[in-house]
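Note that chain A is present in both complexes that follow, paired respectively with chain B and with chain C.
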Partner chain A sequence: MSKITLDLFRFDPAVDAEPHRDRVDIDFPETSTVLDALEYAKAEVDGSISFRRSCRSAICGSCSMNINGVTGLACKTPISTVLRADRSVRIDPMPNFQPMKDMVVHMDPFWDKYSRLKPYLQPKDKDEDHERERRVSPEDMRKLVAVANCVMCATCYALCPVVSVDPSFAGPAAISYAYRFIEDVRDDKRKERLGQISDDYLWLCAHCYACSYCPKHVEPHDRIIDTKRASVKEGLIDAAGPRHALVFAKTVKQKGVLDENEVVVGTVGRFNFRGLAAIAPLGLRMAIKGKIPPLILHPIDKVGEVRTIFDTLEVPVA
Partner chain B sequence: MTTAVAAAPKARSKSAQTKRYGFFPGCVAKESCTELFNSTMLLADKLGIELIELTAASCCGASVLNDLNRDIARVLNARTYAQAEALGLDDVITICSTCTGHMRAANKELLEDESRMEQANSILGKFNASYSGTVSVRHLLWLLIDDIGLDNLRSMVVKPLNGLKVAPFYGCHIIRPESVNGWESSRNPHSLEDLIEALGGEAVDYAGKTRCCGFHVQLEKDGIAANMVGQNMRMAKDKGAEAVLTPCPLCHLALDGYQADSAARWGRTDLPTFHLPQLVALALGVDASSLGMKRHVISPGPLLQAHDLAPMHVA
Partner chain C sequence: MIQHDVVVVGGGLAGMRAAVEAAEAGADVAIVSKMHPVRSHSGAAQGGINAALGNREDDSPENHAFDCVKGSDYLGDQDAIEAMTDDAPRQIVWLEHRGCIFSRMPDGRIAQRPFGGAGSPRTCYSADVTGLVILHTLWEQLERFGVKVYEEYFATALCVEDGVGAGVVAYNMRTGELELVSAKATIFATGGLGRVYAKTTNGYASTGDGMAIAYRAGIPLMDMEFVQFHPTSLKVNGVLLSEAARGEGAYLLNKDGERFMFKYAPNKGELASRDVVSRAEWTEILEGRGVDGCVFLDLRHLGREKILERLPQIRELALDATGLDAIDTPIPILPGMHYAMGGIETDKFGATKIPGVYAAGECACVSVHGANRLGGNSLLETIVFGSRSARHAVEYIKSQGSVRRSDRTLQSEQERIAGILARSGGERHSQVRKAMNAAMSENVFIFRDAAGLGTAVDALRKVRDSAKTMTVADKSKTFNTDLVGLLETEFLVDIAQAIAHGALSRTESRGAQARTDFPDRDDEKWLVHSRFNYTGDDPRIDYDRKVTMTKWEPTVRTY
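Now for the complex of A and B:
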């Protein structure tokens, strides 16, 4: 047993105008989890402390919260790994959500984005008599296993910097779940699903790997990349995101290196005057300082080798 | 949740012993951020190390080529490593967080999966190249700390930063995913802080230091990158930062370029953003006027003059 202070975010909209903090001192073993400590504090010190929890073993996905600035499952976080020098642990609700009460947040935006993607199998035939199995080969199943581990804890959504500035972004969990059905051989809505997800937000992923902290190893960042590849393969390329990738690839194939000027103009669209006008102020600020890429970019030595690699792998380019 | 990676002392590479390193500057340091390339070379001179540029190297894939094909970036990077091996170099030094992460990811896949190494070599064989797997990809930041050493750097400082309050900005791909990088904790890295303090500056601790600058999504939708920049720079400024230091030219472009656009939502921040080698070279006595700081959108000139580090007109 040792003395531990829980430094808690407290907010009850029925009583409080503003959130405040409470410091709760407990005698508790450091080898336990943060969730155990919260349960103990609620049972023994202050019954009004609110947080979601259920399974206590990283299966239900309820107890994601922000612990010393790091979001993750409280039931999977040993106290000893997060105890600060003053023997306190700071606990806050997940970021990117509106607090409901203490560590409990309003999950609606997360669920709305998830259900919008119709996260259930939509097979061709209804098979209403349930007379036969729908068989999937082990190889086909392998693609779906990682996402099948998702427990919807929303840790990835809370960590996503794009969600934090643009709530229209679906977030890593929803895209991963869409991928799970896009790649399911039993599903008949692959094209519609890809179309829906490509339309607006798939390509808003910032490639930051914040979702690599997924406590269930879904690796949502990789699932987002998988989904992008599938959508390009399906021919969904008339948007800034896929245009960017395809023009980028074209310049690397031609010159061996990225051609910054061509990628910017090619992504926005050479005749998209409104789009070009939107980036003009930044371009001007840079140009004034002479910070412009060379207008004529020479290919690297032995660029033919790079082209051979692109051709062998049949990489699509603009 | 704490994923601190044990800093096991590694055997010194041949490059570290001979002070001859393969050098992969990356596309942006040769195009819009030539001041990064030039200040890296000046710093190398000062440190007495030789950076041998791999002039036939291609783009690393920069997280974008992955979106089209799962193999292309890996094979392109295998070609780059083959060039380093042919020159007898076992370290490839990068000066960009995105290059670091994606080149390391490619190398990891090649070294851990025989079939992928075979695939790469069968394509490289078409032009008589091959990669045997001896290369390590390391960022200049890691070279400074592991091979030169903080104590050594401290003793080389001739122009201490005089308490300049500098906010570190790591850039996602030099720390995440941790399975690929793992040189230091991705949750709470401190190499840039250590370096800033070794140079006589004061490191500013703020939550934005490991967050994303938005560079890779700047063209996909108006305003996203500017907002991400504003959010992070607001945090830095509120903690007292006077400037930012980044090991990534993509972060530099976003932070330096977008602070003007983010002011409407996040308030004015106007933090000058230094490339890693610029600030190190400055403290080590490299002529400030040769570091290309006039090319920054947010001029560091007034700040450098106020701290008696350089006359206003050089930046």
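Now for the complex of A and C:
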């Protein structure tokens, strides 16, 4: 047992104009989880402390919250790993969500991202043609296993900086779930799903790796890359996002360094005169201030080695 | 005003399976659930789901049925068991056709593993997250059919008008308002009651809501004394480590490193039925062959690769909770409250005593598990009886006119909840729950006797009295989990009393009911189900329902 202070975000819109903070002191073992501490504080000190929870074994996904500035499952976070120097733990609701009360947030925008995906198998052939199960090789099924572990806790969504600036971004969890169907050999809608997820701003992902902190090892960031690759492979490249990725790779492969002017033109579209005209004023202002990158860029000396890397990794280029 | 043809209370596997069945049949169906469906505790089921697919070895529904009958210690109703095992292969194929991610054999068929008490390897699985993948598959089907889910609505009472079920009253947690959810047919699928005990593998949400609601409305509970203690829950926090570990070959060891199970089950060893293994563990501990009140689950010989491929979740759960890596260290475990064999009395179609009211899954007692459930049969029960009850309900509503509105139930619930919020001076509900947990954990555990059970029954009467005046600290209308916690505690107290009284009244040992003062099974007197009728005080118990037998006469049960 040791003295621990829970430094809690408190907000009940029915009575509070503004959120405030409460400090709740408890005697509690540090080896327990943050959820255990909250549950104890609610039972023994203040019954009005509000949070969602159920399984306490990282499978129901209810108790994601912000602990000392990092979002994660309270039931999977030992107190000892987050105790600050003053023996307190700061607890807030997940960011990227509207608070409903204390650590409880409005989840609907998160669930809506899934609904848009038509998240159910649309098989290639009729069920009636199969008296028994459809046969799927262990290797094909294994591709889906990482996403099958997702508990939809929204930790990745709360951590995503793209969601914070553009709430319409599908977010890492929903893209991963889309990938689960895209890679399912039984599903008939691979191309439609890839097209739709591309429209849902797949390409807005900034590859910041924030979502690689996943409590269930889904590695949503890797699933986003997988989905982008699958999308390019299916020829879904007629949009700014894929054009940017492909021309970016092309210039590096050709020259060993990034050709920024080429990336801009290639992303907007070489024959997209209206698009190019729209960014022309920006180009002009950059030119006046001397910020235009060199117009002619020569390949670096050892560009052959760079090209070998690209070929070995089979990186798609424009 | 909310109104549907069929309302399902609970969004776990049984509830969603029922809703999908009703939706496929074209019925107007909705789910009322105190949490989002994917949060349901069904997702915590790890090891698998039984069906005689015969993918690994020759098998048949009849073999499966016999294993269930024997596992139930002959208390299961054999007609219901046969209905379940006959339907099992079709239901697994149904799930697979809807995209369920099952682990596969090299030829692409669904993989199957051995499980406790089973004559052949018939447990279909997805590594050790089987409940989760099925939960997701069913939620996907809700999305497909656009089934309306009243999410974070806590059901408080059943509506009965003209002697038939008419929906429920539910507390909308987001607005703090009670709402009438009217329906021609109501299906309870609210899961388990683990929170009756202090230590349980169950989540915080497993508070027996549907059981208590039906019980209060006059539907009997059945076989409540049969509580399953799972042999392998983590010593530190009671979290489940799947039977799949032993199915894959893990050992149970005592303090001397001895595989003690063969002393108790010479043929099956670690893969005897759960009641047998839990009693064996507890005996080892009581006789001084445990370490700090526990024994060990040893996975080491399975090797890193097999553990990471087939049991990754339980390895991580043990690692998170204890810091011990099952790949190179035995894990301290002990038996922990896991499952209720008992529940709302139904027939083999899920129908209860009140027309238009059904129950399926753990909250129901059909009975397919009798005195002891076999691993891998709980998921199966949710799927089979979820769909059967919905099919029956969809037929039933065709004979019904318009939906009956039970405004009087809504009004009485509004008054009841207002009364609770206005209370002051009584104990906090968390303290009442603690007293109940203590009574159950001390005296209604693996081994029972009249003295201990009498103590528990007395203690629970006091608990019931204090429950009448218990209070909440939170009076807010917004997401009041304090109020919901109090209402759950009320439900749990009803259920705890049924369990304790049932255990005291049944003077025999059968399956999970082990009476040290009545150590033998008594088929002359006790091949009957226990039925609990609500009185507002001690339950009134009758034994008028006999066990249904089709093919199998009771014989001596050994593993």
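The criterion applied here is as follows: the second predicted complex is superposed on the first by the 277 of 318 C-alpha atoms of A that agree within 3 Å, B and C clash if a C-alpha of one lies under 4 Å from a C-alpha of the other, contacts with A are read in each partner's own complex, and residues count from 1 in each chain.
The criterion applied here is as follows: a residue touches a chain if its C-beta (ideal position, glycine included) is under 8 Å from a C-beta of that chain, and two chains touch if they have at least 3 such contacts.
What you are looking at is a predicted structure, and each value in this text was computed from that prediction instead of being measured.
When the two complexes are overlaid on their common chain A, residue A:256 makes contact with chain B while staying clear of chain C.
Looking at the shared chain after the overlay, A:61 reaches chain C, while chain B stays out of its contact range. When the two complexes are overlaid on their common chain A, residue A:76 makes contact with chain B and with chain C alike.
Look at A:141: by the touch rule set out above, it reaches chain C but stays clear of chain B.
In the superposition on chain A, A:53 makes contact with chain C only, while chain B stays out of contact range. Look at A:25: by the touch rule set out above, it reaches neither chain B nor chain C.
By the touch criterion stated above, A:285 is placed in contact with chain B alone, chain C being left untouched. Contacts of A:301 after superposition: chain B is touched, whereas chain C is not reached. Once chain A of one complex is fitted onto chain A of the other, the partner contacts of A:112 are absent, as it touches neither chain B nor chain C. Counting contacts by the rule stated earlier, residues 76 of chain A appear in both its interface with chain B and its interface with chain C. On the chain B side of its complex with chain A, the touching residues are 1-2, 27-28, 30-33, 55-59, 62-72, 75-76, 79, 101, 123, 126-127, 129, 172-173, 176-179, 187, 207, 211-212, 214-217, 219-224, 227-228, 231, 257-258, 260-261, 294-297. Of all residues in chain C, those touching chain A in their complex are 35-36, 38-41, 43-44, 53, 92-93, 96-99, 101-111, 126-127, 129, 132-133, 136, 140-141, 143-144, 174, 203-205, 237, 239-240, 313, 316-317, 320, 428, 430, 434, 472-474, 476-482, 485. By the touch criterion given at the top, residues 12-15, 39, 42-44, 46-48, 50-62, 76, 78, 100-101, 104, 107, 111, 114-115, 118-121, 123, 127, 130-138, 141, 144-145, 148-149, 151-152, 181, 184, 186-187 of chain A touch chain C in their complex. Across the interface of their complex, chain B is touched by residues 67, 69-70, 72, 76-77, 81-82, 161-162, 164-166, 203-210, 212, 221, 225, 228-229, 232, 240-242, 244-246, 248-249, 252, 256-260, 263-264, 267-268, 278-279, 281-282, 285-286, 289-294, 297, 300-306, 308-310, 312-316 of chain A.
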